[in-house]
Amino acid sequence: MKIGILTSGGDCPGLNAVIRGVVLKGTTSYDLEFVGIRDGWRGVVEGDFMPLTRHEVKGLSKIGGTILGTSRTNPYEGERGGADNIAKTLYGHKIDGIIAIGGEGTLAAADRLSKDGIKVLGVPKTIDNDLRATDYSFGFDTAVNIATDAMDRLRTTGDSHQRCMVAEVMGRHVGWIALHAGMAAGAHAICIPEVPMSIDEIAAQVTSAHDRGRAPLVVVSEGFKLKGMDEAYSDKGLDAFNRPRLGGIGDQLAPLIEQITGVETRATILGHIQRGGSPSAFDRVLATRLGLHAADAIVDGAWGQMVAMKGTDIVRVPFEEALGELNTVPRYRYDEAAALFG
Amino acid sequence: MKIGILTSGGDCPGLNAVIRGVVLKGTTSYDLEFVGIRDGWRGVVEGDFMPLTRHEVKGLSKIGGTILGTSRTNPYEGERGGADNIAKTLYGHKIDGIIAIGGEGTLAAADRLSKDGIKVLGVPKTIDNDLRATDYSFGFDTAVNIATDAMDRLRTTGDSHQRCMVAEVMGRHVGWIALHAGMAAGAHAICIPEVPMSIDEIAAQVTSAHDRGRAPLVVVSEGFKLKGMDEAYSDKGLDAFNRPRLGGIGDQLAPLIEQITGVETRATILGHIQRGGSPSAFDRVLATRLGLHAADAIVDGAWGQMVAMKGTDIVRVPFEEALGELNTVPRYRYDEAAALFG
Amino acid sequence: MKIGILTSGGDCPGLNAVIRGVVLKGTTSYDLEFVGIRDGWRGVVEGDFMPLTRHEVKGLSKIGGTILGTSRTNPYEGERGGADNIAKTLYGHKIDGIIAIGGEGTLAAADRLSKDGIKVLGVPKTIDNDLRATDYSFGFDTAVNIATDAMDRLRTTGDSHQRCMVAEVMGRHVGWIALHAGMAAGAHAICIPEVPMSIDEIAAQVTSAHDRGRAPLVVVSEGFKLKGMDEAYSDKGLDAFNRPRLGGIGDQLAPLIEQITGVETRATILGHIQRGGSPSAFDRVLATRLGLHAADAIVDGAWGQMVAMKGTDIVRVPFEEALGELNTVPRYRYDEAAALFG
Amino acid sequence: MKIGILTSGGDCPGLNAVIRGVVLKGTTSYDLEFVGIRDGWRGVVEGDFMPLTRHEVKGLSKIGGTILGTSRTNPYEGERGGADNIAKTLYGHKIDGIIAIGGEGTLAAADRLSKDGIKVLGVPKTIDNDLRATDYSFGFDTAVNIATDAMDRLRTTGDSHQRCMVAEVMGRHVGWIALHAGMAAGAHAICIPEVPMSIDEIAAQVTSAHDRGRAPLVVVSEGFKLKGMDEAYSDKGLDAFNRPRLGGIGDQLAPLIEQITGVETRATILGHIQRGGSPSAFDRVLATRLGLHAADAIVDGAWGQMVAMKGTDIVRVPFEEALGELNTVPRYRYDEAAALFG
C-alpha cells in the first residue's frame, strides 16, 4: 500500500515526530510505502508530492515545524478540488490513502472526503488544545513551557520595578494555554475566552496582588474579549485614537489596568515563538506514539477515524467525535485556578 | 483545623508547588491553618515544625526541591516513633492531620498510620513514575525533559565521532524515564528493568543502527540488569578487575558494547541533574492541582486516601490502590517503542 | 566603612550577582558594612534603606532582577535632591560612600555627584551594550541568548509556511543585540539604528533569501528608523490609518515587506522577555567579577571611577570615559555580518 | 582557489558555525571554492573529501558537532602521511590550501605542515579554553552554560537533603570551566589542576559552608589531582578496594569528603553533555566571526597563522603564539573566585 501524508494549518512542534513515527513503523513493521504531500491539501489538489522514506525522516523527532510544508488550502475549493478530482489524482499516483495531520478545519475536510469515498485517517493537531476527543494534542505542552518560561522572565522585571506585567498568549477560541501557563507561572489574573470579565474585575485582582506586595502578572488569551472595551476606553478618559488597534488584546488591556489601578503596566505579546522550535519531550512522545498508531490503523483499515490520546493510551475515534464543538476550558477548571489568585 | 505538611524520600521538582497549592487554597478558600514539618517523618517523630503561611509559599511554583527538607526516616522506628507517640506529639502541637507527600515507602507508612488512627492524606511523589493509581506523578516530566535534552547533546558528539553513546537515566525498578526519553531522543536501544536483555541483543541493535550510518544511542535505566553480566565480561576477554564497580550500569555496558560491535562507545551517567531544578510547566500544573485538591480533600475529611491524576482529572484513591505492586512499563509500551529501533 | 548600594534604570539580569559579589568580598575579605538603597536614587534622596548582609545575598547569582528595586529618579531633582541634601542624608545614616549600578543616566549623575563631593563608585549596567569603556556589560549576553532562542523558534514557523519572519529586539540607540542575535540565528537582514536603510533595500534582501528557497528572517532593533516610513506606506498603497501606531517598528515593517516582496510576513516583538529571568553563565561571571572588584576599589578609595571589562580583565576607568558618546556598532562590524546575508 | 576544510580532535559546539562562516564569506564575497575533508587529518591523508557548497552549510550555525566528522589522526603517521604525501594528495585534488579547525595537537601539526610547505590556516578549537593567543575559544561558553545549569539543578537536591554535592566538569589540564561554572553557580569550593589542594583543605571549605547552613557545592575539574589521594583513602579507613577506579575524580572525592565532614555527599560526573548540542549565542557569534575572518585571511594569503579573539576583535596570530604552553588559570583569577567561598 502507498500512503500519502500531509500536514495542514498552522505549524506545531511535533508534526515532524508524527511523520517519522508513521514512516518508521509503516516501513519496518509493515510493508507500507509513503509519499509526502506538499503544503497540506494544496499538494493533494495539485498532485505535488515528495519522496518520504526512512531516510527523509532521520532525526526528525526533535525538529520543529514540518518538512512537508503546510497551507490553509481547502480541498473542496478550486478547479482541481473536490472528492472526484482528488480521487483521480490519487489514483493517478497510485496513492491508496491519506494521513491528514491537522486541526478542526483539516479534520472536517477529512471527514467530508472520507464520506465521499476517499480513504483518510486523521491525526489531531492543535497548539491551542481546542479539539475534543483527545486529552491533549501535541504542541500544546511545548507552547505552555515556552509561555511559562517567558512569564518567569517577565516576573523578575515586574518585581524589580513594582510593575504589573500583562502577557498575551495564544488561544483564539479557548484558554488552555493561558490557564496552564498562568497556573505554572503563578499569575494573579487569567483572562480566557470562556470566562467573560470586565476591566474592573481584572483591575480588582491586580490591586489585590499589588496590595499584598506582589508585582501582578496578568495572563490573557489572544481571543479574550473584554466586556465593554470601547466604553472602558472612553470611561477612563483614554484617547480613543491612541488605543492600540493592530496590537493584541494585551496591548489594549495594559493602559486600562494602569489607569484604573495606578500601577505601572506593561504588555508583552508572546506571539509566534509559542509555536516554533524543538518540541518538549512530552510532545515528542505523544506525537511519535500518534504516528506509530496511525501506521497500525492503516494496516487495520481504520479509515475515517483519527488517533487520539485518552489517559495514557492512544485510541481511535470517529471524526465526528472530534468535530462540532471545541474543547473549551470548563468552568471548574477556571475556578480551580482562580483559588490561587488571592 | 491545623494541618501539618511533610515531604519525604528523594527530592523531586514540584514538591514546593504542591505545598504552595495546599496552603493558598486552604487559607484563602477555607479556614485552614498549616505548619511545615521538617525533613519528612523525622519532623513528625521529633516534633520539629516551622511556620507555613501564605508568606512562606510565595513564588514557590517554579522552585525545585522542597523548602520543608526531606529525609528517609521511618515513622515507626526510634524511641519517639510509632502511632501512639506520634498521636501525642500531634495532639501536643494541636495538629489535626497530616498531608504526606512522598513515594511508596511514605505512602505505606501513611496507610499504616492511618489505620492506626492518625489522620493522614497522601500526595504521590515519584520521579520514576513507579506508583500505581496515578497516570503520572510530578517530577517525571521534568526528568524526562532533562534526560531528553542531555541525549540531544550526546547525539551531536556521537554523530561527529561515529561513536555509540550510552546514556544511563534514573529508574531503579521501572523504565519509564528511559522509555519516554529514549523515544523522544530517537534511541536505537532502550534497556529497562522490565525487559531482560543479553549483551548480544543490545549489541545487535547497536550494529544495526551503525550499519545504517547512524551513531547509535543506547538508553539504559539505572536498574537494568544485564543477563549474565559477569559471564559477558569474561567471555569477551575483558579484564574483570578493570570492570567498573562503583559506576552505574551504563559504565559497565559501554566496554562490552565496544568489544562486541567494534564501535567506539562512551557512557554518561546523568545522575542527580534529573531530579533537581525548576519543574517543567506540566509538573508545575500537576503539582499545583494536586495541592489544591489536597486542601479540598481535607475539608471533606477524606483521610486515608491520596489525590491522584486520572486522564485530565484529579481524583481521590485509597492508599491501597497505590501500594503493593509498582507501576511497571507494560510490554506493549516497550514493543511500541521498539518499532522505532530499526 | 559603611557603603550603600543602589541599582538604577531598567532591570537587567546580573544586578543581583553584582550585589552579591560586592557584599561577599567586602564582608569576608575586608571589614566593610553594607546597606541596600531602595529603588535607585529615590532611596538616596528619601533615605530609604534596607539591611544588606551576607544573609540577604545568599543564592543571588542566578536570580534575575534586583532585590533592591529600581527607579528612574534623578538625584538632582525634588525637594530633598541635590548633592548637599544627599550629603546630609548619607551623613545622618553614617554611610561613607555609594556604589551605583546603572546605565548612562545613572553614571552621569554619579559623575556629577562625585564632582560635588559625594563618594560614588560606578558599575556599568546596560542590556543594550551601549556604554563605552567596557567591552561588554552584563545582561547583554542573556538578552542575546533569549533573542537567539526565540528566532530559532520563529524560523521553524517561517520554514513550514514559507513566510518571512520579522523579529524586533531591544536596542533603542544601538544595534548590538540585533547584530549578535541576528548573526547567531542566521538572519537574512539586520536593521539597526546605526545603519539607515530604505524599505526597498530590506525587501531586496528578503527577496534574495526567498529566491534561494529560504524563509527570510529579518531582525530589527526597536530603535531602527526606516528611511521614509510615511512615504513608504502611502507609496505602497497601504491604508495609513491601519498602520500600526503603538506597536513596534517590527509591526510597521511587516506589511511593507509583504506588500513589496509578495512573501507572507509576520512580526514578533520580543519585548520584556529579553531583560528578565536568570542570567547566562557569562553574565553571572561578569557581574560577580564586577562586584568583587568594586569591593576592592572601595578599599583602595578609587571613588569617582567605574569598574569595567577589558578583554578578560576587570579594570577601573574614570566616569568620563564611559560617558558622552554611546558605544555604537561600528560599520565594519555591520559589514562583517552582512557578508552572511547573501 | 580551492580550499579544503577539516575539523579535528574532540567535537565542540560551534564547529559547524565556523564552516558555515568560511563558506558563505568565501563564496559570496570572494571567488573561493571549498571541499570538506572527512574526519580531520584522516581525510587529508586518505584523500577523503566531500562537497562543501553554500547548500551544505545551510542552517548550520545552531547545529552542534561537525558535519565533516572528526578524528584524532596524526597527519605525519601512516603510510600515506607526511608532508610530501599530503602535498601530492592535495595537488591531485587541486586543493590549494587547508583550513584546520582544531586544538593544540591539530595546530601543532598545522604548524609543522606549514613549515614543510603546505598552505594551512588555523582556527583554534578547545572546549577547555586551554589555548593561548585567543581570549576565548568557541564551545567554552556553551560548556560553562551547560555545567552551570546542571549545578543549579544539583543545588536544589543538596538544599532539600542538606547534602554536599560534588560536580565534576571537563578540564583535563586547565580549570577554566570549573572556575567559571563554579563562580556562576555559587560553588563553595573549586578544585582545578592549577591549584593543588589536600582533601583536608577541601573538607574545611565544605564544613565552613555547612556550618553556615548552606548545602555545600564542590566543583572539580576532571584533571584535578588530589594531594595524597591514596594516603587519604587509607588514612580515613576507607576500603581501598572499593575506591572507585574507573569513575572520575569526583567519584573519588565524594566518599572522602563525607568521611571527614560527616556531611552526606554525592558526586555527579557531567561528562559528554558539556560538549554537545546547540552552541550558545556567544559561541555562534565567535565561531561565525572566526569563519568569516578565516576566509579573509585566505584571500590575503595569511597562511601559517591562525585567527583568534582579542577583546572584541578577531585578529591573526602565528601558530607559535598559540602553542608551547597552555592557557592555564592564573593564580589571581582563582583567588578572585575564592573570595566567594566564605
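Going in written order, the chains are labelled A, B, C and D, and every chain counts its residues from 1.
Simple rule for what comes next: a residue touches a chain if its C-beta (ideal position, glycine included) is under 8 Å from a C-beta of that chain, and two chains touch if they have at least 3 such contacts.
What you are looking at is a predicted structure, and each value in this text was computed from that prediction instead of being measured.
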item: Partner chains shared by chain B and chain D (touch criterion as defined above); value: none
item: Chain centre separation (chain A, chain C; CA means) in Å; value: 34
item: Separation of mean Cα positions, chain D and chain A [Å, integer]; value: 41
item: Chain centre separation in whole Å, for chain B relative to chain A (CA means); value: 30
item: Contacts with two or more other chains, residues of chain C listed in rising order; value: 152
item: Arrangement of touching chains [line / ring / star / complete / other]; value: ring
item: Inter-chain touch pairs (all); value: A-B, A-C, B-D, C-D
item: Chain C-touching residues of chain A, taken from the complex the two chains share; value: 7, 10-11, 13, 15, 63-66, 69-71, 146, 149-150, 152-157, 159-162, 165, 242, 244-247, 251, 266, 268-273, 275-277
item: Residues of chain A that touch chain B when the two form their complex; value: 21, 24-25, 28-29, 58-59, 61-62, 135-136, 141, 144-145, 147-148, 152, 180-181, 183-186, 214, 278, 280-282, 284-285, 288-289, 292, 310-312, 336, 339-340, 342
